[in-house]
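Structures follow.
In the two complexes that follow, chain A is the common piece, with chain B as its partner first and chain C second.
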Partner chain A sequence: MNRVPARTILAYFAPMLVGITLISLFPIVYNVYVSLTNRSLFHFRHFQFIGLANYATLFSSLNGDFFIVLFKSFLFVGICIPLFLLFGMLTALAVNHPLTRWKAFWRVSLIVPWAVPSYITAFIWKFFFNEQFGTLNQLVRVVFGPKAGLPWLSDPTWAFGSIVIANTWMSYPFFMVVFLGALQSIPLELLEAAAIDGANAWQRFWRVTLPLLRPAILPAAVLSAILTFQVLNTGYLITQGGPFTSALKPGATEFVMIYAFRQAFQLFRFGYIAAFAVVMFALLFAVTMFSLRFTRLVEEEAR
Partner chain B sequence: MFDAVRKRTVGVLALGAAVSMALAACGGTTGTTQPSASINRTGTITIWHGWEGSYLDTKKAIFDAYMAKYPGVTIQLVHKPTLDTAVTAAVPAGQGPDIIAWVDDWVGKMAKLEIIKPLDDQVSKDFLTSTYSKPAVEAVTFDNKIYGLPETVEAISLIYNKKLIQQSDIPKTTTDLLTFAKTYQQSHPGQYGIVWNAFNDAYFQAPWVYGFGGFYVKADGTVGLKEQGTKDAVKYIDSFKSVFPGKPDYGTADQLFKDGKAAMIINGPWSVSDYGKAGVDYGITTLPTISSTGKPASPFVGVKTMMVSANAKNVPLAVDILKWFSNKDNQIKEALDNKEIPSNLAALADPQVKAIPQVAAFGAQVANGVPLPNTPYMTALWDPVSKGLEAAWTGKESADQAMDDAQTAAEKNVAQLK
Partner chain C sequence: MRQGRLATSLFIHAFLVAMLVIAVFPVFFVLQAAVRPGQSLYTLTLSLWPDHPTLDNFHYILTQIPFPTWLGNSLIVCTATMFAGLVGSATGAYALSRFRFAGKRMTLILLLAIQSFPTVLALIPIYIILRLVHLVGTPLGLILAYVSVALVFAAWNLKGYFDTIPHEIDEAALMDGCTPTQAFLRVTLPLAVPALAVTALLMFITGWNEWVMAQTLLSDENTYTVPVGLWGLQNDYRIPWGYFASAALIVSVPIMTLFLLLQRYFRSGLTVGGVKG
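For the complex of A and B:
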């Protein structure tokens, strides 16, 4: 067997290493550096090192923003992911069902929401939710009379729900695709055997299909949870983080990235928001590590 | 064409902005300029702007004429939907345009960010004051330095549908306006006597806030949201709640007026050509007088401003192009084509311009207005004012409480800018 010298291996790796360093590593290191400075509107191109002051502001009890925003984001993820799973599963099962005709057509049309650029989808939903002219309230008026209408985007709770709806719409196809792939790998013999043993459709799903889908569900759910946690487009374009109930509180849909965006690019608090980003990174890193370990445990248990 | 101030808060799609910021920061070289007596009229000048539609056509024609006059010069117009994030990322990295076209509320901010450079060695104060109107001169001056050249000015005013309301019936005071809105809705169910973007927009509420004797922020950073005048204005705005659509944002108000479902709207010069196209026979008049103070409602007078990037290589050429762009003939052309209000004194005095009804009407409103603050502290105000207005409008907080909270938030923001 030919031994390849380490230098050659390194040379082959070099382009990728340089790329990762420039595109991924450098911004992270630079962000950590900025988080230790007073970079702001008045100190933008000439800023000073100020130690951990930004982190102190972030965690100080006076700044309730941080924890409110964090809680809202976790709540959002906690509601969205089960919905993604539910709609992804239902559509996948429907498309995969032996009686379903035009499978290719359904596969393609159900994946459209995922393929359309998210900001376009966001604007479409923003129009649907418009209280005066929006499609949804026009339908409401047809049924309940001309004075009716739901506060889709002006009531804090409704607005939160509206963002959940829009986000579910654009995210469930990912799960449908994942489940469809996994469903097709389940041997039909297993289901037939279960049927012969007297299991009804519900039991076949619960006892045979679902356990076999689990290896596909968990990584997809973790990945999706991280993406949902960092949602920006959907929320910002539809509500700008609002509705707002006071100038002193974050908005009803002001999730972490929307908060960061508002603080960084509307108030120019670069140092502060860099510190915020570092803490978010640490948090997501911890959650990811935990869930990977959890996934591995589940898989080992399954074996 | 949308109003620039609104656009600042609306059109932000920059998911990658954070990444590009970080990447941009590693570029690092700043262009240096050599002071030169004569102008070297060769090379390319890039302008980043937010112009659209017929506005863009007119301005393009003006720049084309310059290029025809000096064949060595190429002027590149680049439309940037998110101009603020784009220049904030590009210029510190040694990239970006030579000229940035926006509104004067950016002047202080961009100067503090060191994204634009002062032009005092190219433009004299005498030239400025003898060429342009007073609000325009104030708009481009920050910290006693000249940071750009003015283009045209704009302010929001009262626009009415001639089919729905006679000119003689237009309310002259704030009390009459509210009464009119109520009686109109009683006689025209499902329609509106007046609409405007009352939901949460600081720019659109400025006429009331300043007319009632309040203010947002002063050049030294003093916040005026808890002033009695500001609170009175917010209470007045909220008294329209019963006669307004559920969420009166810009798009809703605009559409209702276009559909002929609102007799009057408060909007700016950029909107009227669309109203004409929508078939509305419109007239323009000044906003009413505040009943309790006797002062006219005072909208922000925004001055469209051309700023020169800190990286501009050929500053004398950039300034020469701007002087050409804002000269008498070209501002007359802009007034004739798009009903824009000139900032050039000679263009303002031109009989052709004076004869344009829209320019005369908006010009009268500009005379009652207050300059759109170009202090960087205004940056700290947009967000709390908008949230406070929304909290008061939706009834989540009383007007007093909402403005007290907004004052606290704004003071915190002002302190953090420094």
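For the complex of A and C:
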């Protein structure tokens, strides 16, 4: 459609351009400006320009908050994604198996966790993890007697594990759906040919099925890693970032977005956290662009 | 051989039943908590169904607290967001899908950059700006914050859908003497109605389930949206968790049904990314 005049193109773009520039782009640019000031609750209107001091605070020490929460988040993603993949793959393989009956029933009922709003998921699991009335410790007491109980949310390591559990429950259905789609695209002839050549079920899975699944799974895993890195609801609403061992150090489950939220809206360190946001965005955008180049999406889109 | 098949089948179905229990138990738990009277959920021993189920919790939240007001607020905010997002982005998305012009690649990358700016981080400048113009605490402020996310999401999503409609169709309309606008309004847009509906519903669901922006930008109980109200209901062990449970059922059962019906339309990862927040 080369015959469309520039005027028309501009008219089509105008609503979106004005809207996005004013309410999506302007705040992001404004955020960069805030990151160069000492703005806080006390210096809300009367703040000073302090150059790159906030950025210097971020990177000042390897033991500083920035690297602690970044490391925690990487660790969280590194533990969560393999679990999501494992449960997504096992459920998909089971639903897709030729001997499985009522496939449609399993497919719908096993993705229920995905449909539950994430804040409600968080509140339900917060209750399950409650050390007195929580269902999990009620179960523990049934098995190990009335005095037993696990420190689901009060011990730093357990709390980290608890958040992993809640997120795995919530996130495996996405991978189940992705794996199911990919499994159905594998031609049966390939598996039959492998069987005729003498491959057993285990070899067919590792040598035929799994390599063919990889192209579909990889982009989904990258996307999920990016989203899991930004976990907020199913972390903050369960632990508020805690438990805290020291008032000056981030809590055991204080991942990057939970840290940003607490610093911004409980301690009101706007300037500092704006700098944190700029660095975090640069990191996320770099990963997004890299993964897109990987899947060649941008090249396709820009044709 | 036959016995091997039976064993395999039993093993697979046992695994599926175990996963079913894990997947559905939390939802069942909310259901039983909703019909459980008073404080009887706060006990040290396991009890999976109340001795005397009752609808008192539903009665309480519908008559004694501003829950109906929160429902109304959520409805208003989400509907406004949905329409603003759709109207604001439809023509732009069409231009991105069909027209050739300088800067198209840049625009796409810019959209992607804004899309990958995390909500919580965007909330910081949005909060400061809204406070400077005295919109913090008002539904309008929250709507503006939601539209800032919805516009970019809808632009990406609709462009993706327009791309799947063959170019030949609107090119034929142009050959027959339509102007580009007639081709858009009379040919492409009607074909895209299902896509527009799905995109609109996804924006609605996202707003309906959004907690952090609403919690930060609203302060008066009478302007709360549902998630902010529910936060208060579950956060205090002096009040029965059943209030929260019954309210959670009312707000999430319709939206979950919608989600389960829609999930086969989730084409791309970006669509999925826009839904869960």
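Note that the second predicted complex is superposed on the first by the 263 of 303 C-alpha atoms of A that agree within 3 Å, B and C clash if a C-alpha of one lies under 4 Å from a C-alpha of the other, contacts with A are read in each partner's own complex, and residues count from 1 in each chain.
The working rule: contacts are C-beta pairs under 8 Å (C-beta built on N, C-alpha and C of every residue); 3 or more make two chains touch, one makes a residue touch a chain.
Keep in mind that what you see is a predicted model, and the values were worked out from it rather than measured.
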Clash or fit (per the criteria above) of chain B with chain C on chain A: clash
Examine A:Leu232 and indicate which partner it touches, taking first as chain B and second as chain C; both and neither are also allowed. both
Which of chain B and chain C A:Gln203 touches, first, second, both or neither: neither
Based on the superposed arrangement, let me know which partner A:Phe13 touches: chain B (first), chain C (second), both, or neither? second
Tell me the contact category for A:Tyr30 with respect to chain B and chain C: first, second, both or neither. both
Mind working out whether A:Leu223 is in touch with chain B, chain C, both or neither, as first, second, both or neither? second
Mind telling me which of the two, chain B or chain C, contacts the most residues of chain A? C
Quick one: is A:Ser60 in contact with chain B, with chain C, with both, or with neither? Answer first, second, both or neither. neither
Which superposed partner A:Ser154 touches (first chain B, second chain C, both, neither): first
With the two complexes superposed on chain A, say which partner A:Pro146 touches: chain B (first), chain C (second), both, or neither. both
Just checking: does A:Phe128 make contact with chain B only, chain C only, both, or neither of them? Give me first, second, both or neither. second
Stretch of chain B hitting chain C after superposition, from 20-28, 290-298 or 326-334, is 20-28
Chain A positions within both the chain B interface and the chain C interface are 26-27, 30-31, 44, 119, 132-133, 146, 232-233, 236-237, 260-261, 264-265, 270, 277
Within the complex, which stretch of chain A touches chain C? 1-4, 6, 8-9, 11-13, 15-17, 19-20, 23-28, 30-31, 34, 39, 44, 87, 90-91, 94-95, 97, 99-101, 106, 108-121, 123-128, 132-133, 135, 138-139, 141-142, 146, 169, 173-174, 177, 219-220, 223, 226-227, 230, 232-233, 236-237, 257, 260-261, 264-265, 270, 273-274, 276-277, 280-281, 284-285, 288-289, 292, 298, 301-302
Which positions of chain C touch chain A when the two form their complex? 5, 8-9, 12-13, 15-16, 19-20, 22-24, 26-27, 29-30, 41-46, 84, 87-89, 91-95, 98-101, 104-105, 108-114, 116-129, 131, 144, 147-149, 151-152, 155, 167, 170-171, 174, 180-181, 184, 208-209, 211-212, 216, 227, 230-231, 234, 241, 244, 248, 251-252, 255-256, 259-260, 263, 269, 272-273, 276-277
Touching residues (chain side chain A, partner chain B) in the complex: 26-27, 30-31, 40-42, 44-46, 119, 130-133, 146, 149, 151, 153-154, 232-233, 236-237, 240, 242-248, 251, 260-262, 264-270, 272, 277
Which of the residues in chain B come into contact with chain A in the complex? 9, 12-15, 17-19, 21-23, 25-26, 84-85, 88, 92, 109, 112-114, 190, 200, 245-247, 251-252, 255-256, 376, 379-380, 382-388, 390-391, 394, 396-397, 401-402, 405-406, 408-410, 413, 416-418
